[in-house]
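Reviewing the structure listed below.
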Amino acid sequence: MKAGAPEKLIIDGKRLDGRGIEEMREIEARIGVLKRADGSAFFRFGNTRALAAVYGPRQLHPKYLQDPKKALIRCKYNMAPFSSYERIRPGVSRRSIEISKILTEALSQVVFVEEFPRAAIDVFVEIIQADASTRCAALNAAALALADAGIPMKDLVSSCAAGKVDGEIILDVAGLEDNYGEVDMPVAMTPRDENIVLLQIDGILTKEEFEKALDLARKGCKKVYEAQKAALKEKYIEVDEDE
Amino acid sequence: MSSDFYELGENYVKKLVSEGTRLDGRGFKEFREIKIETGVVEKAEGSARVTIGNTQVLVGVKMSLGDPYPDTPNEGVLIVNTELVPVASPTFEPGPPDENAIEISRVVDRGIRESKCIELEGLGVGEKVWIINVDIHVLDHDGNLIDASALGAIAALLDAKIPKYDENEEKILYGEPDRKLPVKDVPVAITIGKISGKLLVDTSLKEEAALEARLTVTTNSNGEIVAMQKGGKGAFTPEEIKEAVSISIEKGKEIRKLLGG
Amino acid sequence: MSSDFYELGENYVKKLVSEGTRLDGRGFKEFREIKIETGVVEKAEGSARVTIGNTQVLVGVKMSLGDPYPDTPNEGVLIVNTELVPVASPTFEPGPPDENAIEISRVVDRGIRESKCIELEGLGVGEKVWIINVDIHVLDHDGNLIDASALGAIAALLDAKIPKYDENEEKILYGEPDRKLPVKDVPVAITIGKISGKLLVDTSLKEEAALEARLTVTTNSNGEIVAMQKGGKGAFTPEEIKEAVSISIEKGKEIRKLLGG
Amino acid sequence: MKAGAPEKLIIDGKRLDGRGIEEMREIEARIGVLKRADGSAFFRFGNTRALAAVYGPRQLHPKYLQDPKKALIRCKYNMAPFSSYERIRPGVSRRSIEISKILTEALSQVVFVEEFPRAAIDVFVEIIQADASTRCAALNAAALALADAGIPMKDLVSSCAAGKVDGEIILDVAGLEDNYGEVDMPVAMTPRDENIVLLQIDGILTKEEFEKALDLARKGCKKVYEAQKAALKEKYIEVDEDE
Amino acid sequence: MKAGAPEKLIIDGKRLDGRGIEEMREIEARIGVLKRADGSAFFRFGNTRALAAVYGPRQLHPKYLQDPKKALIRCKYNMAPFSSYERIRPGVSRRSIEISKILTEALSQVVFVEEFPRAAIDVFVEIIQADASTRCAALNAAALALADAGIPMKDLVSSCAAGKVDGEIILDVAGLEDNYGEVDMPVAMTPRDENIVLLQIDGILTKEEFEKALDLARKGCKKVYEAQKAALKEKYIEVDEDE
Amino acid sequence: MSSDFYELGENYVKKLVSEGTRLDGRGFKEFREIKIETGVVEKAEGSARVTIGNTQVLVGVKMSLGDPYPDTPNEGVLIVNTELVPVASPTFEPGPPDENAIEISRVVDRGIRESKCIELEGLGVGEKVWIINVDIHVLDHDGNLIDASALGAIAALLDAKIPKYDENEEKILYGEPDRKLPVKDVPVAITIGKISGKLLVDTSLKEEAALEARLTVTTNSNGEIVAMQKGGKGAFTPEEIKEAVSISIEKGKEIRKLLGG
């Protein structure tokens, strides 16, 4: 066992931060939070904060990377140096390269890339503060920023993590659960048709536990989707009121 | 083989799969021939050459002494690194690992780490601990690199011996094995590809040009999931995911037998 | 906004300035609205978000233990780093800091260092000393990044607490503040731009397309100069420099008040 | 106070190396010191030695960097590994990147860049030995090398540093003054119209002290200019004699 | 003397591994060992194992590197991380850059580069295990891989090392001889006309010793050539039998 | 000088050589004028400026304390580094050493190391040893960089003094020499070029455009070979090699005299 681990992470059905087994942290979603970007959004799960900006569709350089049939989505995930107790050294890491790759793949599924041949659509995500599920928060912010930029999309992407802690399948791993829990399982779905565009597992699950966790994550993604829709609607109403 | 084939071939592969067959006539859940050879690099503490059809991967385990992680002062440290060296493919270039090589490293690493197959506790030597470097060297690329790499990694770890350490001279006596590296489980990674809406195992390079999405499921000897990674730009339905998990557990068992596990 | 504007707009900006006005109607010595919010990143020892108009900068202070400089063995070490992250502008690219980011870091660093605002003496812990990492993260670029960055840096330092240190475990207890970082002065950087031969403060991004040269003057609470940096391809007359210094001292006082300094 | 600091840097109006308050170190300026370069020059302040070479105007690659209206000046400042007591690790540092930037900006002011659209004019400076004011020596050598290369210029650039040591405003900081003095203030001017193209301050000055230092630096720049002119003239005479 | 050195490396005319003074280690040569490459080969001197792959002639990018008169040979030498007792950090080193350069130069001598203007011929060599003479093994494998790729060549290249150990001139330095011997001298020749395309010496030799060593290396290269020819013939026969 | 010359000039150089002459009228075994000046950088422990015709190389020796190689715990460590700085040639670019710079470093390093000219034994200071950094700075490139670099390196080493070390303060007292660096032999590198089948010494830049192959032979005071390096894309016959060795021994003796060796 790792040094510093608490004896139990779930006591009488309550988690260390007071949440129930299937309870998510507070969610906050806002769009249009940056002025310079073509689209932007902020997404928060408790203390995990992500900021996304979209630039594009724009010309892709160098030219040999252009795809004559579609736009190239490029998502870059980055953690601010002060986002974690141990300072994060600026620059890419193996972890950030892998996360950027899977975020890019997840977003590529929902954007109508055929509408912008030869173009690039760049999605940059900054993790302002990290307390687990940063890739889920990143993806939620990125999908909103794409919508804010007016990029045509088949669907949004909504993401959250399930996991296993003290033998229980739980929703939205956070805090000490992230260090001392058994399993972390980030999931992302297209909310309307419930297709899975991101799925990772770290840790041991039986097939039955996995299916339970997947089902729980699906419920979590739906809640995320509600927050995303509300953020988009709020802006829409604001615009209306402005007119 | 010209790169044109891969473009033109994509539709042909999809057509075949939608009709229930594959380019080389295999069944959807059938691997190409797998060969595993260990002890192939004498200077490495452990090594394995794995071929899956024409895909060839060489894995070496090198051990050295280094600092532990602060929160696990008595545990050895596992480091997995993948080099997609340019001998293996006209599209691989010399240089630091790209995102594909890094994804392979991290998927293989997670399978080993999360299965807890290496008894890392007890790998301390004074203030230091054994650093277990697993280096995956891809030599010939004909598809399904993740499964070949993961298989090579666990085979090389099962082959690995910890070298003697001379405490007076503070020197590792390479070439003089002390004891086997304690490996107590055999994680196996199975990657399921989706083409024309069908699920296939062990996709060849030509098939991968037509790949919609893929899911790698690593399972342990108990048939439990220890790691999972969805890759590719496409999506899976929850039902497809569940089916893929079932296939992976089943194929994992078969392949684990090749390692005597 | 298309990049064409910036080209076409250059002459328009110059014309306006030569006529005594600015694009957004401000006076030449008038800043856009400044907002300073501290404590915005709980995991950082100190943090601040500064907006000047649409320019937005987030600064975090992280503290760790490291080696002192050989000639000042009991003094803490200040390190300022700027990331022009690509969320902030279509012209910023991922990668290591370029010459613009480095210039911001070095100008901000000099202002803090030369003002001696941090009591570095006494920041030793055994053989080690506190390393004070000031990370400037530019989030939205609408001009005048140096002043916003410098303001964010001193605001975050004023907000910073030194964490507790567990000597037995040799571990920093992040999240458990011990005492305030001792900051005893408030250096403020004011950048004066020259357009059509006129001196302006707080240039917006559109104005910066027309910038001939700029001078950043950092002053302390006594109204003394603590650092200066001329930038840009143009030149200043000695008289312009002296006028710019006067403006900077005056505006520095105003802005220092926003920090309670 | 830093370890190893001397008690006083100025004793009875004399500095540790014997100079008076407003006295510069020995200056040496020569042009045409390299054969391969299109223009070259050597400049020395006491033990600070700088060597500059100019290549160009020449074609600028990659093409997308070309400016259809003018030449791009690119100045690179580099310290030789053996130029300092502590060996300088080869390669760029944050310091050398910043100095290269400000030197480039200072030189861009005096070259008639409009005469060479799409071209690059490369100015490389090697600091052979460093004893304070390396950026000033670099700029003085660079300006001479541009003249030696026959690049049309509005004016030269002449540079030196003023500073504050033991409470006194002095000219041409050097030696221990660089480590233990209060203020270093490098200045560069176009010598004919006395415009300021480089100005930095490290350390605390009142407005009055600053104005005094600026005035002193101006006098120093004039002396530098005399040495630069002499170097250019010497070559000109040599050429004459050759003919 | 280095720590750990054995007292003698040659005892009664026999080397520590039992070989005579002029005896080479076991040689193994095979071609067509990889499927994806255009040509490939494996070469072994005892425990030293090299694997070479050829890609090309293929288009050379970026275009400005193209030579309108001939193909560019680019050979890259790399040691696998596990090829040596001390793990080799992945990535290029000064050593691997120098070896890549001299291998490229040696191969450029034998390929009819004029036949493929503007093209690149890439030769990649991986050292699978290192026990001295890795550059010789690399070159032997590379020449075979070029032949396997059907690249027209004036001649093969055959390489082995001579050396000096315990005062004696020996063939094919290996094992402890590599660490504790006096001289290592890798040589490569075009086997038909016996021109020298690679030659390096580390260690002290008189002119007479050098000439003796060169002559011995020439004999070694001939043996290497026989093994190379056999490998090429074997494949040729296999091909015949297939038909 | 336009780069066209080098292309056009190649054939002219070859023609001249095949007729027994050289561009500048020198004999095939004749060097351009060599000048060696030492002590040219006061802050370096040793330094030399070498010119061979218009080729100019500056070499500095800097000494610091560092870790020994594990198998030679009492020996100093030699590190040779070459910078082809862009002042020297329009083809040199800023950045890390390329393959040409690395080859120069390694050829010079081998000549010094294998000649055993520096008494490395005895350069220990407690647990540490003296690290001898030889930095070759090429300032003007008109051909034959290897010989000029090697000559500058040995001249700078012969000039070098070990600085005093204050054991109490654990500080090197730079600028206060303690004793001469013990150098007991003078290796000299001579590079023989092959043009039109003829062997020449000291090729100029224009001649190097016509170079078929080259051989660098480093010899010691006894006239023994201590290192050799064949470079370039061409080949030598064994007889040419033997002739080149003889020339190198002979010219090495001549040049060694310039160093008082």
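Quick notes on this one:
Should a chain be cited, it is by its letter among A, B, C, D, E and F, assigned in written order, with residues numbered from 1 in that chain.
The working rule: a residue touches a chain if its C-beta (ideal position, glycine included) is under 8 Å from a C-beta of that chain, and two chains touch if they have at least 3 such contacts.
Small disclaimer: the values here were computed from a predicted structure and weren't measured.
The set of chains touching subunit A and also touching subunit E is given as B. Shared contact partners of subunit B and subunit F, listed by label: E.
Repeated interface: C-D and one of A-C, E-F or B-E share more than half of their contact pairs by residue number, and that pair is E-F.
Distance between subunit D and subunit F, defined via averaged C-alpha coordinates, is recorded as 31 Å. Averaged C-alpha coordinates put the centre of subunit B at 48 Å from the centre of subunit C. Work out the mean CA point of subunit A and of subunit B, and you get 27 Å between them.
The geometric centre of subunit D is 51 Å away from that of subunit E, both derived from CA atoms. Residues of subunit C found to touch two or more other chains are 97.
Counting only residues that touch two or more partner chains, subunit E has none. Following neighbour contacts from subunit A out to subunit C and onward until the ring closes gives A, C, D, F, E, B.
Interface of subunit E with subunit B (complex): residues 34-37, 40, 47, 51-53, 55, 58, 76, 78, 80-87, 90-92, 122, 124-126, 128-131.
The part of subunit C that touches subunit A in the complex is made up of residues 41-44, 47, 54, 56, 58, 60-62, 64, 81, 83, 85-90, 94, 96-97, 133, 135, 137, 139-142, 174-175. Subunit F contributes residues 71-73, 97, 99, 102-103, 105-106, 110, 114-115, 215, 220, 223-238, 241-242, 245-246, 249 to its touches with subunit E in the complex. Those residues of subunit D lying in contact with subunit C across their complex are 2-4, 94-95, 97-98, 100-102, 105, 108-109, 185, 190, 194-207, 210-211, 214, 218.
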